[in-house]
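Structures given as structure tokens follow.
What follows is subunit A paired twice: with subunit B in the first complex and subunit C in the second.
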Partner chain A sequence: MADTRTPPDTEAEEPGTTTGSPSVRPAGQANPRRTRTKATAGSGWTAALLVSPTLLVLSIVVLYPTLMALRESLYGVKGLDPTTGFIRTTEPFVGLENYSQIFGAAGDRFWNAFWNTTFFTVVTVGLETVIGVAMALIMHKAFRGRALVRAGILVPWAVPTAISALLWRWIFHSDGVANALIGHQILWTTEGFHAKVAVIVAEVWKTAPFIGLLVLAGLQVIPNEVYEAARIDGAGALRRFWHITLPLVKPALLVAVLFRCMDALRMFDLPYILIGAQKNSVETLSMLAQHEASNVRFGPASAYAVLLFLYVFLIAFAFVRLLGTDLVGGTERSSSPGRTRRRRFAALRRAEVAA
Partner chain B sequence: MTTTARWRNRLLYVGVVAVVAYCLAPFYWMLVSSLRRSSDIFDTSLFPSTVSFENYRAAFDPSQGFTKALLNSLIVAGITTALALLLATCTAYAMARLDFRFKRLILTLIIATSMFPVVSIVVPLLKLFTDIGWINTYQAMIVPSMSFALPLAVWNLTTFFRQMPDELEHAAMIDGCTRGQAFRKVIIPLAAPGIFTTAIITFIAAWNEFLIALSMTNKPGMQTAPVAMSKFAGATQFETPFGSQMAAGVLVTVPLVVVVLLFQRRIVAGLTAGAAK
Partner chain C sequence: MKTKTTRALQGSAILATAGLLLSACGSSGGTDSGEQAGSTSFQGRGPITYVAGKDATGVVPKVIARWNALHPKEKVSFVQLPTDADSQRQQMIQNAETKSDAYTVLSLDVVWTSEFAAHQWIDRLPEQQFPLAKMLKPVVETARYRGGLYAAPASSDGGMLYYRTDLLKKAGITRPPVTWAEMTDDCAKVRKLPEAKDMSCYAGQLQKYEGLTVNFAEAVNSAGGTVTDAGGKPDVDTPEARAGLDFLAGAVKDGTIPREAVTYQEEEGRQAFQAGKLVFQRNWPYMYALAEKSKLAGKFAVAPLPGLNGPGSSSLGGHNLALSSFAKNKATALDFMKFFSSETSASTFLKDASLAPPYANLYDDPSLVKQYPYLPVLKQSILRAVPRPRVVSYGDVTSAIQQEAYAALTGSKSSAQALKDLQSDLQKSTAQ
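== the complex of A and B ==
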């Protein structure tokens, strides 16, 4: 009799405990808590059914184009065939010629775009991080005006990049307000270093608040006791910031910086609208590839796109390698309170050691 | 209150004002400029001497095609958001609730796709769409937009579903629901705020898109609002119509800003979901 009176909820869990748990643990998850079966743990078939549409669409819009770009980059341009003198209707296979062009004859333009992209990424992300952290610290402290500040910093985020480019072009106009403020005539939106400065100012305005937001979220989970302990130990404000705040918000900050880097590396709208297409001083790799493609030179365009893709991939890979794989799997932890507690504890200990 | 504390308070106040000013000043400038008369567009006073809606009329001048562009933007961003949400809800539910092999790997891959340089998918798709005659169609803009909208929606919704206790479905299933029914009747209604927030964030991302819309269209009638605005023509070739550009910019941005301010708490939760935990 006792056997048949099994409560229904254990039955509901049954399929999970038998079929679910062997596959529950992704490699490297040693925490025994994770093996606790979820209420709805179930067959892989349901999962496959639910996940496959997304994977299918992403393969069509991301994987397939990427492979096509790789193939396309080995083909040349339609037009006159130099050997026969006839007009070709198909694109000739040229092997790695597009790439050798990029590193040879067309090298100046490529390297210029490459350095511009790198320069923009390093400078804007650096400035955004500093300004964003400062903003987060102010917001975290300001109890009264917090809602106001938070509403305020969402505004630059909500303005479309293309519109913000137009807005800054207007501000940086030769008769614009930027020149009126500094009382100096600078032709910001013409070729030259000013153009770079204009792009950087506009980009930082738009995205520093975003970093501020993410860092603020990181600050809010730091328990107050850590600061109290440090204060009792006689640590000054600067030391507390350097040895407690910074290490503890590091995970949030790193995610923010990674995402900003990826975004800055593919920068397009801002320099394209603010300064213009084919402007040497601000041309980025994205602009270069888009320009080639819009002139129906798909082969060279694809080669540029492939190189940009590799560059982005390399930076992302280096990031994840240097800083641990935790970056992307971030949400995995949130489902298990035990892990979060342990992590916070580890962070606390780290802070103690540092202080 | 000690003097140092009072000073610290004042300093904080200055900081708050500085942050708000930094964020809002350029936006304010757009608003003010859009309300100036075209004769005093180059004024640098803080308020327009005469408030005029001349620039707004100019933005809606039929020759600019701005009304059609707004409609195009709505269609493209709207359909992109709807499709992305539909697919992402299923996937995110599986990610949050079911246990299966390669889950971590799949989630990592989906998030990684959102880091792709858009141009490296635009170039091959541009060639493909040229071949199959899709240039100047809505689908030519919607399909590539899925590359960033879908990962964004999956990522956001997964976090939202994870925050909901397992016990809810558990209870529904004890009461005789299948998992599918539990999902439809219990989870979806309860997750509605999360889905709504995700929809806003995805819509804003799709609404802000420029590179795809620029590359896939060459007919003015098919361009989205940001592209059309960047091509606004002045009276002469050498004149940029800043006034009507600012007016159009206000019109394109203000609805977003209003929505963002109304739902700021939720949007902040959505945006910071991945980073803080």
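== the complex of A and C ==
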């Protein structure tokens, strides 16, 4: 605040980002943006001082544990001293041996968990997206009792995962509702593909409302005149959905899908409680890490956790890079094309109608 | 702008790391003290903690209050952990790994003793100070590691065979079965009765979890085999063990054990028995009181578990008291352990919470037998019981057993192959 001088290079960069966009901005919008640039690009040390509490907290709660996990993953298991019968007090440094174990001797278990995790992520997020968008469209409609429907749809999301896993365990019990409905006894909680199905059903039931919620928020900012214009042009419901709703809701939808992907990749409690520990059919990477840690093998456990971290990181990175997911929401560069396109689209329509 | 931002980031990163280093230095200060090997001097008096799973019966606070009234300067506070055994173990391990003195006396599941002793998370105890001679021998065995006493037996538990007296009587059978073959024969007779047409014969705890390890070990021991020998070496690829596993797997296959029993834990089995779906069921004593309150009241009784050629042997359950190596006020802790595992306390636990005592004579007390008619059977069960494998890496051993036994039960492996694989898995995990 003390220093509002703008360095010349900042000013030079500023117009560069906006000149690319063809839209004509109202004059009032340029001003607050400039002052914001000034405030953040002030003296480096003031900024450092102001940001450092945040960075300190972040490094304590994120960076430090990550680095400790990386370090821990290079240490082996404390061995048993056969003469005394006691476990040695220090962990040996083994370098990358934990990782070579995972891809070598313990490879079957790792790849099984890896494919389970990937399978669950792809299938559940795919189903959730379809069902979630459908839920959002229903919640968006104006009709009597809408509040009740909205509340009803959101209830599963409000139930803690562990509790919903217990709930579904009763449904998938050998004498449970699921078997009564299909009129045939399937032992859902034993090994096999049916166990996977049980997990997918419970997971989709629980988290489709999350996507519904975010998409609903996206739907509510689409101006109604866009639809009106399309309807006048004779676009059918399906066309309106495909060419207007979906593109305009895409930023919100992508954020929702990204969040769900990251959650699904870390899936632990649902298969653990619903089907059980150490069931090969539903074992995920998180369960492997937990299994190692609970048997006091912190090195291998950390190695699994690091691999899972890398996997989640890669997926998130791919999302942001390839699909341009707008995570920060409201940074000028990523949101402005959407807005201008929308505006241009509306303007074109108006011109056509006028003609 | 770029250079400015970088510099700013660098600046705050330096501040942040400085803070981190300071905090790291502070925490790594006093960790190298407190390494004790074997010999412990029990010194220091003052307040201590008793750590156990959640107490649903309300009897533990009562016994602790009695101690606190007698020792106002050495008060014990009760730290309750979650109900489920895995999270109890996890929290106790966490406490030990950080060498915290927050936990003093630990209530350990009997199968954890070796692991906790080998890691030196618990202290070796002076044997002569506990009345071990008055206790049931298999129970005392669970408290030992490599010959040394590392825990004081506090409560015990054994499996029993619950059976339908009404149906057996109707089918003309006068005594409960002693062998597996008798049990299957009895079942066949009972199922000829019109009211038992749709019933299954037998179930235990065969879901893939700790209960399966218990049931598998019982089947193997009841057929004369062993899972691990006296020295802790696995010895499971034997004809005896094969006979045991064949009994379970064969019974699932021919319907003696209902197909859905591979999803049963204690509660599911109890419900099936109480709903009249089973003639026989293996369960712990806790079920007795619950079944007495159900519509089966008066229509069932308990017997020792059957075996291949005669009475079988149960796996042991129960809890032992251990002393955390990192605790303070160990003199008080030792006194408290003696008090808490004494015969007086054990009889309170039996009367008020139906916890099986480690003391032999309590099982023969007529007033207690009147209250808990299963006590004589339970005593036999515990006397013939074999502890589950007493190994340091129990977690790996039990998951290997669950993996292979479940494969045999669900038919994805032959018993012979499962036992062969199990033997090599166990050799790996006990070799560490």
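Side notes on the structure shown:
Going forward, the second predicted complex is superposed on the first by the 261 of 355 C-alpha atoms of A that agree within 3 Å, B and C clash if a C-alpha of one lies under 4 Å from a C-alpha of the other, contacts with A are read in each partner's own complex, and residues count from 1 in each chain.
One rule holds in what follows: a residue touches a chain if its C-beta (ideal position, glycine included) is under 8 Å from a C-beta of that chain, and two chains touch if they have at least 3 such contacts.
Predicted model, so just to flag it, every value in this text is computed and none were measured.
By the touch criterion defined above, A:H173 lies against subunit B and subunit C together after alignment on the C-alpha atoms of chain A.
Shared-chain residue A:V77: touches subunit C; no touch with subunit B.
Greater residue coverage of subunit A by touch, when subunit B is weighed against subunit C, goes to B. Of the two partner chains, subunit C is the only one touched by A:H291; subunit B is not. When the two structures are aligned on the shared chain, A:G44 is found in touch with subunit B and with subunit C. In the superposition on chain A, contact is made by A:A217 with subunit B only, not with subunit C. By the touch criterion defined above, A:L55 reaches both subunit B and subunit C. Contacts of A:A235 after superposition: neither subunit B nor subunit C is touched. When the two complexes are overlaid on their common chain A, residue A:M262 makes contact with subunit B while staying clear of subunit C. Touch criterion met: A:A301 reaches subunit B, while subunit C stays clear of it.
Overlap of the subunit B and subunit C contact sets on subunit A: residues 9, 41, 44, 47-48, 51, 55, 58, 60, 173, 175, 294. Listed in rising order, the residues of subunit A touching subunit C in the complex are 7, 9-10, 13, 41, 44-45, 47-49, 51-52, 55-56, 58-60, 64, 77-80, 84-87, 89, 173-175, 185, 187-191, 276-279, 291, 294-296.
Within the complex, the subunit A residues that touch subunit B are 8-9, 12, 16, 20-21, 23-24, 26, 37-42, 44, 46-48, 50-51, 53-55, 57-58, 60-62, 65-66, 68-69, 72, 135, 138-139, 141-142, 145, 147-171, 173, 175-177, 180, 205, 209-210, 212-214, 216-218, 220-221, 251-252, 255-256, 259, 262, 265-266, 268-269, 272-273, 285-286, 289-290, 292-294, 298, 301-302, 305-306, 308-309, 312, 316, 328-335, 340. Those residues of subunit B that touch subunit A in the complex are listed here as 12-13, 15-16, 18-20, 22-24, 26-27, 29-30, 33, 42, 44, 87-88, 90-91, 93-113, 115-128, 143-144, 146-147, 150-151, 154-155, 158-159, 162-163, 166-167, 169-170, 173-174, 179, 182, 204, 207-208, 210-211, 214-215, 226-227, 229-230, 240, 242, 245-246, 249, 252-253, 256-257, 260-261, 264, 267-268, 271-277.
Contact residues on subunit C toward subunit A in their complex (touch as defined above): 1, 4-5, 7-13, 15-17, 19-20, 23, 35, 37, 86, 89-90, 93, 115, 118-120, 145-146, 207-209, 259-260, 262-263, 268, 392-393, 395-396, 399, 402-403, 406, 410, 412, 432.
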